[in-house]
Amino acid sequence: MQTFPKKRIEIMVEAPLMSRVLEILDEQGVSGYTVLPALAGKGKDGSWHRDGLVGRVGSMVQIFCIVDESRIDEVLEPLFKLVSQQIGIVSVSDVRVIRAEHF
Amino acid sequence: MSDIFALAIANLTSPMILFFGLGIVAALAKSDLSTPEAVAKGMALYLMLAIGFKGGASVAAHGVDVTLALALVAGIALSAVIPVIAYRALALTTDLSRVDAAAIAGHYGSISIVTFLAMTQALQTAGVAYEGYMVAVAAAMETPAIIVALWLAANGTRSSNPNAVREIFLNGSIVILVGAFVIGLITGEAGLQSIAAFVVDPFKGVLCLFLLDMGLIAGRGLQGARHNLKPPVVGFGIYMPLIGAALGLLAGKLIGLSVGSMALLTVLCASASYIAVPAAMRLALPEARPSIYLPLSIGVTFPFNLTVGIPIYLYLAQAMH
Amino acid sequence: MSDIFALAIANLTSPMILFFGLGIVAALAKSDLSTPEAVAKGMALYLMLAIGFKGGASVAAHGVDVTLALALVAGIALSAVIPVIAYRALALTTDLSRVDAAAIAGHYGSISIVTFLAMTQALQTAGVAYEGYMVAVAAAMETPAIIVALWLAANGTRSSNPNAVREIFLNGSIVILVGAFVIGLITGEAGLQSIAAFVVDPFKGVLCLFLLDMGLIAGRGLQGARHNLKPPVVGFGIYMPLIGAALGLLAGKLIGLSVGSMALLTVLCASASYIAVPAAMRLALPEARPSIYLPLSIGVTFPFNLTVGIPIYLYLAQAMH
Amino acid sequence: MSDIFALAIANLTSPMILFFGLGIVAALAKSDLSTPEAVAKGMALYLMLAIGFKGGASVAAHGVDVTLALALVAGIALSAVIPVIAYRALALTTDLSRVDAAAIAGHYGSISIVTFLAMTQALQTAGVAYEGYMVAVAAAMETPAIIVALWLAANGTRSSNPNAVREIFLNGSIVILVGAFVIGLITGEAGLQSIAAFVVDPFKGVLCLFLLDMGLIAGRGLQGARHNLKPPVVGFGIYMPLIGAALGLLAGKLIGLSVGSMALLTVLCASASYIAVPAAMRLALPEARPSIYLPLSIGVTFPFNLTVGIPIYLYLAQAMH
Amino acid sequence: MQTFPKKRIEIMVEAPLMSRVLEILDEQGVSGYTVLPALAGKGKDGSWHRDGLVGRVGSMVQIFCIVDESRIDEVLEPLFKLVSQQIGIVSVSDVRVIRAEHF
Amino acid sequence: MQTFPKKRIEIMVEAPLMSRVLEILDEQGVSGYTVLPALAGKGKDGSWHRDGLVGRVGSMVQIFCIVDESRIDEVLEPLFKLVSQQIGIVSVSDVRVIRAEHF
C-alpha cells in the first residue's frame, strides 16, 4: 500500500504552555495536531507526577504534529524559541502516512 | 475570647488538619496513596463553587454595607503592596535572581483559597461570625499581586504578554468563585436552601478528603524544599506570612471589620497562592523557577498557616478587635 | 395556574440555569474554567442513576396504570415520527446533504435527559406533580429515532452495520437509566429511603455543577455554530423544538397525562440528543458531519429549551390540561 | 434470630446487590456502560476513608476492650494460615504451577474491603450491632497473607525484593484505612458529627454506584474466568471462601466476638483481595499469571460472597453465637 | 544488544470508532496493540478538547500496533478503508524491538 | 534548523511496575523520561481496559526515554531483564532533537 514520507514533530511542554504551542502551530498553518496527556516525568528541571494536582503547573502534555518535510524548519523555529525558555523538549522523527493530501 | 492554646488544640485536632497531616506523613513515607487528578480538580471546583455561592447568599441575606467596599479596596491594595515587601525581603536576605524573587513575591500577595476555607472552619468551631462578602475579597486579591510581580520583574527581562494578562483575569478559579458568588447573591436564601444538601452539608467532609490530597502534595513539596531551598528562602516562607498577617490585621482594624472577617482578611494576606499564580508565572515569567516558588508556597507556607498560623491569626484578631 | 412570565422568571433565576449561564459566559470569554472529563462523566452517571432509581421507586409507590403503557407507546411513536418531520423540514429549508439531514433528524427525535431533569426541577418549583414512569418513557424515546434516521439516510449511502444497532440499544445511558429504574421498582420506598441521602438530597446541587459544565460545552458549541451553521439551520434548531413540543402536548392531552407528565413528554419531544445519538451516528453514518449536528443540538437547541422552552412548555401544559 | 432465606432475600433485593447485578449483566451484554477510572478510584478512596473514620470514631465512643487485641491477633493469624491451606488445596486439586498457586493463596488470605462493607450493610439491615474496631482487623489482615504467599513461592523461584515489602505495607488502601481509623479515634463523636453528612449519610448510595462499577469489572472477570480457568480452579473459588468462613467463625467464637463482629471476621476470612494483593504479586511474583488470580478473585469469589456468602455467613454467625 | 526491525502503525480515530479499529486488528491477527487517550487536537474536521465531555463523540484515541514489515499492507488495507470515511489519520514508522518472537 | 540524532526507547509496562522501570532509568543516569497513561490494550497475556479499575493491576503505562545512541545498550540491558519476566514490551526508534546538550 502506498505511503508518503512526513515528519513527526513531538513537543513535551508544561500544561499551562499548551495553548501557546497550539497558537504557534496554527500560525504556521499546520494541517493538524494532537495533544496527549502525560502522567509523570523527569528532566533537567526535576520530576513531576500528575496525581492529585489541582493546578495545571507541574504537569506536562505531549503535542505531536505531522508535517511535510518542506515545512519542518519554519515550524521548528518558533517552537524552539518558545520551548528554549520553558521546561520542555522537542524531537522530530520520520513517519509515513497514507493520505498525503491530508497533511 | 478564647485563649491561644485552646485555639491551637482545637485546630490541630480537627479532622480537617489531621487528614492534612495524614497526607504529609503518607507522602514522606513514600506511600503510593494518591488521588486521581480528575478527583482533586473536581473537589477543588466543588469547594470554590460552594464557598462562592454561600458567600453570595449570605450577602443577599445580610445586605451590603460600606465595609464591603472598604474590604474590597483594602484587599486589592494589600494584594498589590505585599509583593513589594516580599520582593525587598527576598532581595535583602537571599541570593535569588530578580525574576525568581519577583515570582515568589507574586505568590505571597495572592491568596490560598484552601487556607481561607480552613479559617472559616476554625471560625465556625470557635463560634465566631464572619461576613459572606469576604469571599469576594478573596477573589479580588488573587490577581493584583500577579500584575505587581510582573512589574517587579520587568526591569529585569521583558517577557510578559498581553494574552497572559487576559488569561490571568479569566483563570478558572476566579471565574467560578465570582460566578458562584453572583449566583448566590441573585438566588439568595431560597437558592441556598434548594442546594444546601450539596453545598453546605457535605462541605466539611469533602474539605477533609481534599486536604488529604493537599497533604500528599505538600509532603512532596516539602521534600522538594529540602533539596532546592536554601535556609533564608525557607525562613522567608515562615516570616512572610506573619508580615502579611500583621498588615491584614491592621487593615481589618482600620476599616472596622468584624472579628471573623478580620481573621479572614488576615489569613488571606498571610497565605500564598499555589494554583492561579504558578500557572500565571509559567506563562508570563518562564525564567522564574517553579522548583523554587512551588515547594516554598505549598511545602512551607501552606502547612505553616494551616497548623500554626490559623490559631495565631484568629487569636490576634480577637485580641485586637 | 401560574402565568408564563412568573414561570420564565422562576426558571431563569434558578441556581441551575444561572450556573448554566455562567458556563456559557465563561466559554465565550475563553476562560480556562473546565471540568475534567472523568468528573463530567461521573456526574452524568450519578444523575441518570438517581433519576432512574427515583422514577422506579415512585412507580412502585403509586402503582402502574394504563396511561403508563399509553405514554410508552406514545413516546416511542413520537420518537419515530419527529425525525421524519425534521428531515422534511431540513430538506425544504436547507441545502444539507441527505445524510447530514438524516443525522440531524435523528437527534431531534431522540431526547436530552438533562433538559428532562431541568423540567422536573421546574415542576418541583411550580409545585406540579408528575408520574415517575416518565423516566421510562424518556429511556424508551432515546433510540427509535436513531433507527428512523438510518432508514432516512439509507436511500443515500448504505453504511449501517448490524453491530451498530446492538451497540445503540446497549449504550450506557440507556442501560443505567433502565437498570436503575428497575432497581427502584424492586426496592421501592424502602430502597429509596436507604439511599435518599445520595440520590435525592444532593441531586439539585450536582445538577447545578453539571449544568455549569454543560454551559461550558454549549458555549463552545455556540462558537462552533457561528462558524459552521447557516441561518436556516440555526433557525431549525429553534423552531424544531417547538414543533416537537406541539406534538408532545397533543399526545399528552390525547392519552390523558397529568399536567406534570404532559410537560415532561413535551420537553422530551422538544429536546435533542447530544450524547447517545451523536455516538451512534459516528458509528452508523460516518459521512454525516458532527461539526453540524453537535453544535446545533448542544449550542442552539439545548440552551433554547433550557432558558426559553421550559417555561413555555410548562405554561402550555397547564393551559391545555 | 432471622432465618437464612429471609436473610438471603433481604440481601439479594438490597439496592447495593441489585446494582452489582446490573453491572454484571451490562458487562456480559457487552454494553459500553463504564465508570471512568478516576471516578472509581475516587469512590474507593471515599469508602475506605469513611469506613476507617467511622470505625475509629465508634471505638472512641465505646472504648477499647481486650477482644480488640484478640481480634487483631486472630485476624493476623488467619490471614497467615489461610494461604497455606489454600495453597495445599490448589496443589492437590489443580495443575497450577507452584508460583501461580502461591499467588492465588495470597489473595484468599487477604481481604476484600468491599465485601466487608456489604456485610456491614447487611448487619444494619438485620439490625445486628458490630464493633468499630473490626475495620482495624480488616486493615491488619490485608498484608500477612502476602508475606506468606511469597514464602510459599520462594522454594520455587526467588524474585522477591526488599523494596516490594515496604511498598506492600505502605500501599494506599492500608494507609487510608488505618489513617482514617486513627483520626476517627482522635476526633471521636464530635469529629464524626462534624463530617457525618459526608461519611455517613451518602455512604450507602455511593456504595451502590461503586458496586455497579465492581459488577462491570466482575462481569468482565467472569468472561475471563470462562476462558482461562479450569473447573477445579473455579471450584476452588467457591469452596475456599467457605473454608475461610469456617475458620473465621471458629476464631470469632473462641475469642468471644459479638454476633456482628463474628460475621465480619467471617466475611474477611471468606473474601479474597483484588486490589492490594494483585498489585503486590505483580511486583514480587511476576511469573504468577494475573490472568488466573484476577478473574478468580473478582469474577468468581467476589460475586459468590456478595450474593450467596453474606447471608450464609450472617446466618451461621447468629446460629453459632 | 540485538534488536529486530518492525513497523509501528499509529491510528488516530474518534473514541466511538475505537472498538471497530480493534476488531480489525484482531481479525488481522496482530500480536497486540495499545490505546492511548488523547486530550485535544485539531485537523481538517475541526478541533476538539476532551475536558467536560459527557459523551464519547468529539474526543479521539491513539491506537498503535507494532507489526512485522511483512504484515504491514494487509493490516493497513482495512484500516484505511475504515478511517478514510471517518475522522482520523493513520501513520507508519520504523521501530526496533528486543523480543522478535513477541510480534 | 540543526537537529541531532538520538534514540527513543519506548517501554509498555504494567502500572505497578512503573516505579521499578523509572528506578532503572535513574540508575542508568538518563537525562529524563516521560510516562504516558494507556487506556486499553491487548497482547500475549490478554487484553485490558482502564475504565472502572480500582487497583493499578490490569492497566499499563507507556514510558519513553530519549537517550544518546551511545547509551542505548547499557540502558536496554536492565530494562530487558525486568520486562522479560513481566507483561510488557520494549521498542527503540530514531528521533532527532534540537538541544543535543539536553540529553
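Just so it is clear, A, B, C, D, E and F label the chains in written order, and each chain counts residues from 1 on its own.
To be clear about the criterion, contacts are C-beta pairs under 8 Å (C-beta built on N, C-alpha and C of every residue); 3 or more make two chains touch, one makes a residue touch a chain.
Just so we're clear, the structure is a prediction, and the values are computed from it rather than from any experiment.
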(Q) What are the mutual neighbours of chain A and chain D in this structure? (A) B, F
Q. What's the fewest number of moves from chain B to chain C, given that each move must go to a chain touching the current one?
A. 1
Q) Which chains, if any, touch chain A and chain E both? A) F
Q) Any idea whether C-D or C-E has more C-beta pairs in contact? A) C-D
Q: Measure off the straight-line distance from the CA centroid of chain A to the CA centroid of chain C, and report it in whole Å.
A: 38
**Q.** Whole-Å gap separating chain D and chain F, where each centre is the average of the chain's CA atoms
**A.** 34
Q) How far is the middle of chain B from the middle of chain E, if each middle is the mean of its Cα atoms, in Å? A) 45
Q) In angstrom, rounded to a whole number, how far apart do the mean CA points of chain A and chain F lie? A) 19
Q | Set of chain D residues in contact with two or more other chains | A | 32, 34-39, 41-42, 167, 201-202
Q.
Counting only residues that touch at least two other chains, what does the list for chain E look like?
A. 36-37, 56, 93-94
Q: Could you list each pair of chains that touch one another?
A: A-B, A-E, A-F, B-C, B-D, C-D, C-E, D-F, E-F
Q | Touching residues (chain side chain F, partner chain D) in the complex | A | 14, 16-17, 19-20, 45-46, 49-59, 85-87
Q) Once bound in the complex, which stretches of chain C touch chain B? A) 13-15, 18-19, 22, 25-26, 29-39, 42, 201-202, 204-206, 208-209, 212
Q.
Help me check something: in the complex, which residues belonging to chain E touch chain F?
A. 1, 3, 6, 8, 18, 22, 26, 31-37, 61, 66, 93-99, 102
Q.
Using the touch definition from the top, list the residues of chain F that touch chain E in their complex.
A. 10, 12, 36-44, 60, 62, 72-73, 76-77, 80, 83-84, 89-94
Q. What residues of chain D sit close enough to touch chain F in their complex?
A. 34-37, 40-41, 44, 159, 167, 213-214, 216-217, 220, 224, 228, 274-276, 278-279, 282-283, 286-287, 289-291, 294
